[in-house]
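Both complexes below contain subunit A, partnered by subunit B and then by subunit C.
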Partner chain A sequence: MQPILRSKRALLLLALTGLVVLFMLMVPAGDGYVLHRTDGLVYAGGGGGGGSEAVSSEGAEAGKVEYPPAPKLKESDYPTISGINSRVFVWLVAQLHLWFAAFVLAVPIFVFIIEAIGMATKDERYDKMAYEFIKVSITAYSITAIFGGLLAISLMVFYPDFMKYLTLIFGDSFIWYALIFFAESACLYIYYYGWNAMKHGFRKWMHLTIGFLLNGVGTTLMLFANAWVTFMMSPEGVDASGVFGGNMWEAIHNHLWNPINLHRFIANVAYGGSVVGAYAAYKFLSATTEEEKAHYDWMGYTANFIAIAALLPLPFAGYWLTAEIYAYSQQMGITLMGGVFAWLFIVQAVLIGALFLSANYYLWCGMERSEGAYRYTPYIKYIGFVIVVCFLVWFTPHTMILTPSELKALGGQYHPILGPLGIMPAKNTAVNIMIIFTFLSFLLYRRANKIPTVSWASFGNGVQIGIFTAAMVNIMILGVYYGYFTNTVYKVASSVPQVVATLMVIVAGVVIDVFMYRGAKEVGPLKWGKMPERSQYALFLLAVSFTWLMGLMGFIRSAIRQHWHVYTVMRDNSVDAFTPTIGYAAKVVSVGTIIFMAIVIFIFWLSHLSGKKQTEYQR
Partner chain B sequence: MRLLQFVIWVIISYLFFKLPGILMGKPIPSSLILMYMFFAVVMILLVMTSTEKSTRELLAPIKSMLEDPSKKLIRNVVFVIVPIVAGVITYEQIKPTYEAPVELRSTHPAPPSTIKIYGKTYDLLALENPYRKYEKEDPEKFKELVREGGEVYFKHCFYCHGDKLDGKGHYGQGFNPLPLPFQGKDTIAQLQESYVFWRIATGGPGLPKESTPWLSAMPIWEDFITEEEIWKVILFIYDYTGNVPRSWE
Partner chain C sequence: MGNFIKVVVFSLVVIWLYVVFSANYIPPITPAPPPKEEVLDLSEMTMDDFLALGEKIYDGKGTCTLCHNPVMKRAPLLERTAVVAKERLKDPRYRGKAKTVKEYLYESLVDPSAYVAKGYGVTGTNDTVSPMPDVSKGAIGLNEVELWAVVAYMQKLAGVDITVEIPRGEAVAATEEKKEEKEEPARTPQAVLEKYGCSACHKMTEEGMDPGLGPDLSKIGAKRDKEYLRRAIVDPNAEITEGFSPMMPDTYKDQMTAGELELLVEYMAGQK
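So, the complex of A and B:
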């Protein structure tokens, strides 16, 4: 080995070790992790806007830190800039930051997995695809940072006292956040720019390790940001008047932190998958050669697979989050799903249904790639029927929009037949069956090009049918009997075995299929690239629906605090301390979605541009 | 043939959604039928275009109508009919009527975390019916409390909420919004007793500012009956309808 190579390896190892040490230093160390202010300062509460001025510790008990209550603000305490609506500005910037952040946090997760698969299977195509995925996210990364900076500045400009109060509690974590952000940037740039330099042998292992670290620090960043927003919803570590107890871990580990962590983590992966799916669709539609088409078709398929794989468990994570919101505050829970935001939840249900429709349609169209798929195409109509019935139940509202004559005919706001479909047992049952049938679409797609050669294939099919049937009967009984004929404790609890039944179908279905189709005969070569163009629009729809959905649900999550900066602790007394109408909120989110999609298209174009070279003739 | 199948399936879907109105006089609201139909049509189209063959079959008559020179007459007829139908539908949607506009009414207000009534402050998150425990501890006493709650109900509530607790009392039909029915699994069965206590005690004026105007005719019962009577009438309405209040354990 050449000395120069040895020194390069040593340098890389040193850099890697440094990153590991930095990462270990930054990760909070469990329940015992307590961050105290040890600066000896006493924080005295002031009136009006200046609620948290630091003063000298003279007279205070030695070593004991006292904190002021949350400031009580007046309208005049909120700075304004002529021509700018501070709430809408912060709202849009925060949302744009979140969309990009979700994307750039998610992509490295599945890039890492795809790279590992490529390494294990020694298939160059995986490596190439993983690299292309990360290439898309690298431009998005700097845009995320730009919006993050803009968000921090706009919060300090428009809500200085609120930020001062948050800093009082989370100030230490802000510093950690900034440091971890540097670590993430370092990891990402080494990961991306070192891709080709660390392609084989031991270096590939190092590259994978950097990818792992990148995901570790990225996820840690998200956990910090989640702590701040969930503190605003379910404050802990402070008393009723907002006096901080001095233990930052308590404030971080508040009631809604973990439900949001899980929900965001899964949703980010689904979202990242959908955006790179849109990228693949864009490249597929603009491909000029068959080879290119085949590559981007495969890329689109993989991205769709990632999005669906994360989408399937997402409703369960959402259900847990909502149940915890209800458990924390009946008021927030009812505002969320029964009160003023109930109809936004119907819009949410419609968008989630659109996601399922797009995902299924893409799989059905994908069957065209295989000659053997014709055996299964007759089942598509039945799957479509079940999915659409479940979808209609899923978005049926409890409180109807009625004309006066309809109101009179029904004798009230609730429909005698549809009323029971408007509450959670019906929704849970419908969504579980919708997930099972989407999984069935995937299973049929997966086996479309294969003929099993194992002797127990018929038995295996029988077992699979049995599992599907048993799970559906179980889900129906749990939904109908426990949902409507027992008390609410059983009703809420029955959602858990419903989820277990669905997950069991997915796990058992995959396990049986893997063994049954081991060494299976292929009907013919898979024709990658032989996808109708309309299927690519399903991928676009997936990305747009996800974006809009995240925007709407993000608004609801934030708005259920109503007129509180920090729920029940620090009141929002700005001129914007009111709940906007559903239409207004939808318009703001739609504008945000359009801005985001425009930037995303710009990013796609940039990646297209980076692959171009000016020819001599053009010169 | 495919196109005909598409049209037939769309008509079947529409008739299906119209059935409750035709057979039972309980129509599905037009706003909801619009949503149902949109997604039913989308799904029919998705299924029919899931393979190249069926897509070609579905679009062939339309393509032929648009491109085949021998179908000039049909083309012209279609080109006249389609804008007219679109115009009629648009006119029907926007023409002025004497009917009041549709309303999106939230009938499930979010409760405050605390309420101040009977000179005391109640924490609605922790508030429980003081008589509920007798359901297990002393069933006879519980039965008596339910009976007393029934008396309260028939003295004060049944005029609007009805003798069958179905929201169809004598005076109920005069109000908009109509009084809430307690029967069924989708009203009080979804609520904690503390919520029902808040609604009874503070009535229409106690409703939160969000989603106003509520226009609820519910009186402030704090002014007319005692705290104990409210808890007893709550026992009665759950007992009579066979519902169990929402609880967390």
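So, the complex of A and C:
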């Protein structure tokens, strides 16, 4: 184990050193502006390919700091390296960094929660599982740093003027980012390597506190990176020509910062759960003993639970983000939802449908672990039917691509019956019902092996059925009546009470269930490990689909800026300023997904290797 | 090892299915290229050129049709705006400074909230705030010449007198969509048929499918001479075959090269 750990440390040290060097290189670029501001001259931000042009400034003479406008670049200002497509290179590296970053930020969140549960329940299994989760993420952490460093280098190599401009505004935050990165590394290593040394009593509290700090600094890092990304989409703190007003907080706290923060936070947790689920599934398939199978089955179940728990509120966070994009710029909103990207949301529907179906399928297979689950088996086909119908509604496009004869037979681009399913009210209704039925799957699974003992169990069941029914009726009326028979204002507004109804079902359902099944009688012991092998492929499908979906949505988030580095402020005049087609993006995302999966397999293998060596040593 | 291979193959198949679906079952729409800056010499520009510039901006850089279109109905249609402008200037809801129709149209581009068409305001503002951006700024960023070209085009759309004057003087920076790379002319009749998608509406060969949108042309050479066929391509609405509506585009005269036209005419004349 020691050589492995040493090599991992060496890898990490290398990445950290690289990052420090990078930031040291970047800092003078930012400070260069500061130094020249005081002598009455300002530099035109390196515009025109680094040919910085000094211009006189009365404001600067008076001691007031003045900033240059965003540079106006020419095609020749973008360095090229023969044989490398700079956009695709940066795109892949950025996406790989994001995938790993999402994973390593998410895992400590649920590891912290699982450790706390283990501490509260004094159940060693939780502690063991939490440790195994963090072990998987520790190697991924160094790879995240390597891709982060590579991203910074590639941006500076291929887009130097853009990076100079960003540094002018965010230079100080880059330094903070580097320092917080060190803090995160320190927290992570103490948290991981100190796990066994701080296992009991007060030390366990200290360990948990370090876990909390780790999540705090990790989330702060994400907020910084989100600020830079969202500034490019909805710049604030600069005027129309890109002149920075001097207040970095304004630039950080731009219009889309918080919606992206929330969306990424939830999505990271769901994604982290799905990747760890794939790890558990692989270990389950490779397990040679019943004990091992039981452990990894439980780990897979927990990971799937985390993924679903975060997946359920994710569409609402996405809805808020989209609404804020519209609020910031109607043109950007229309480009996103009604322009060339409209069809991308059909691809998204397929992927999210795959996520929901695989997560539900895994839950249904999981019912085989319990004797009592047979009571609910007949209902599964109905739940499955509803989810598939909802998926098909979501999948139905508004306009269809038809041959001339089909067009003639149909009498237009819209199908007379299916056409209305193509618009947002139908899709909002379908998504909400899909979420409610996924929650129902989970509820049935949760109570499968239990029989409530409280006197008000029948009443509780009745209330739950009532809440489900009322919410479904409410969602249908809002979707059908307000979606099709009133004007646009109500059509858009009706989606909010639909979301509220769904959240009500989830919150009320959990609260009632928790109280109703307190002290419940178990039908029989849960048979962990009694899962068909095919169920594990649902976990792989979840992880692969999530990775691919994140890549695709990352593309659209970036692509709605169109030919702007910083929307409306700094134009992209490179040869790659054009927006690629969805098919092209899908291919790039797929290449990225395969690279990511290959590295993840390597990480899993490393984890497996370390365990193998330990066993030999013990012999 | 067996599990490892199964998992890898399963994952690759999933990825492959997503790519196949996205690349082949989603319409291959190519997004418009970024607008390119060009320098125009306005001193020689005719009104037709100026209107053409306005139309190009209206459909392209100005992104007007993104919202002002009959399909999505996100914003009012603009075909009659120049006609109703006079009434709007007298409307108590009008809060702008324009005195004439052209000033009103110009104002509607740079200060869209001066008058908001009923039902199209930002939610909760009682149609006092328009969601439309000032198109002289931000991502669209039309310059003075472009704004007036759009105003002129809107007057043309409405069929009213064009009162806008072409700004004269020095060459003024204007913008134009980046042109697609010039396509090579088709060299064979089959290539012409394919390039212009004739069989999308017409049955072109005896074995071919009959889409039924246009007349059957599989034996057209037996009924019509070359002169007729040539005219039917360059001016399709000159004579409409009974039972069909005048839906063939009249743009082929601008799109086809002379060689392509003759190839197609020769081919059709031989279809007997």
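Heads up, the rule we're going with is that the second predicted complex is superposed on the first by the 552 of 619 C-alpha atoms of A that agree within 3 Å, B and C clash if a C-alpha of one lies under 4 Å from a C-alpha of the other, contacts with A are read in each partner's own complex, and residues count from 1 in each chain.
In this section, a residue touches a chain if its C-beta (ideal position, glycine included) is under 8 Å from a C-beta of that chain, and two chains touch if they have at least 3 such contacts.
Just so you know, these numbers come straight off a predicted model, no measurement behind them.
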item	value
Overlay on subunit A: subunit C relative to subunit B, clash or fit	clash
Subunit B versus subunit C as contact partner of A:368, first or second or both or neither	first
First (subunit B), second (subunit C), both or neither touched by A:340	both
Touching partner for A:350 - first (subunit B), second (subunit C), both, neither	both
First (subunit B), second (subunit C), both or neither touched by A:417	first
First, second, both or neither for A:377, with subunit B first and subunit C second	first
Which superposed partner A:568 touches (first subunit B, second subunit C, both, neither)	both
Subunit B versus subunit C as contact partner of A:329, first or second or both or neither	both
Subunit B versus subunit C as contact partner of A:534, first or second or both or neither	first
Partner chain(s) touched by A:586 [first = subunit B, second = subunit C, both, neither]	second
From 4-12, 58-66, 220-228 or 256-264, the subunit C stretch with C-alpha clashes against subunit B	58-66
Residues of subunit A that lie at the interface with subunit B and also at the interface with subunit C	329-332, 334-335, 338-340, 343, 350, 401, 403-405, 407, 487-489, 562, 568, 579
Of all residues in subunit C, those that touch subunit A in their complex	3-4, 7-8, 10-12, 14-16, 18-19, 21-24, 26-35, 63, 66-67, 72, 74, 119, 123, 131-133, 137-141, 200-201, 209-213
Partner subunit B, residues of subunit A touching it in the complex	327, 329-335, 338-340, 342-343, 350, 353, 357, 360-361, 364-365, 367-368, 377, 380-381, 384-385, 387-388, 391-392, 395-407, 409-420, 422-423, 484-489, 532, 534, 562, 568, 579
Interfacial residue positions of subunit A with respect to subunit C in the complex	240, 282, 285-286, 329-332, 334-335, 338-340, 343-344, 346-347, 350-351, 401, 403-405, 407-408, 487-489, 492-493, 537, 540-541, 544-545, 548, 562-564, 567-568, 572, 577-583, 585-587, 590, 593-594, 597, 601
Subunit A-facing residues of subunit B, complex	20-21, 24-32, 35-36, 39-40, 42-43, 46-47, 49-52, 55, 99-100, 102-113, 124-125, 167-168, 176-178, 180-181, 184-187, 189-190, 192, 194-195, 210-211, 244-249
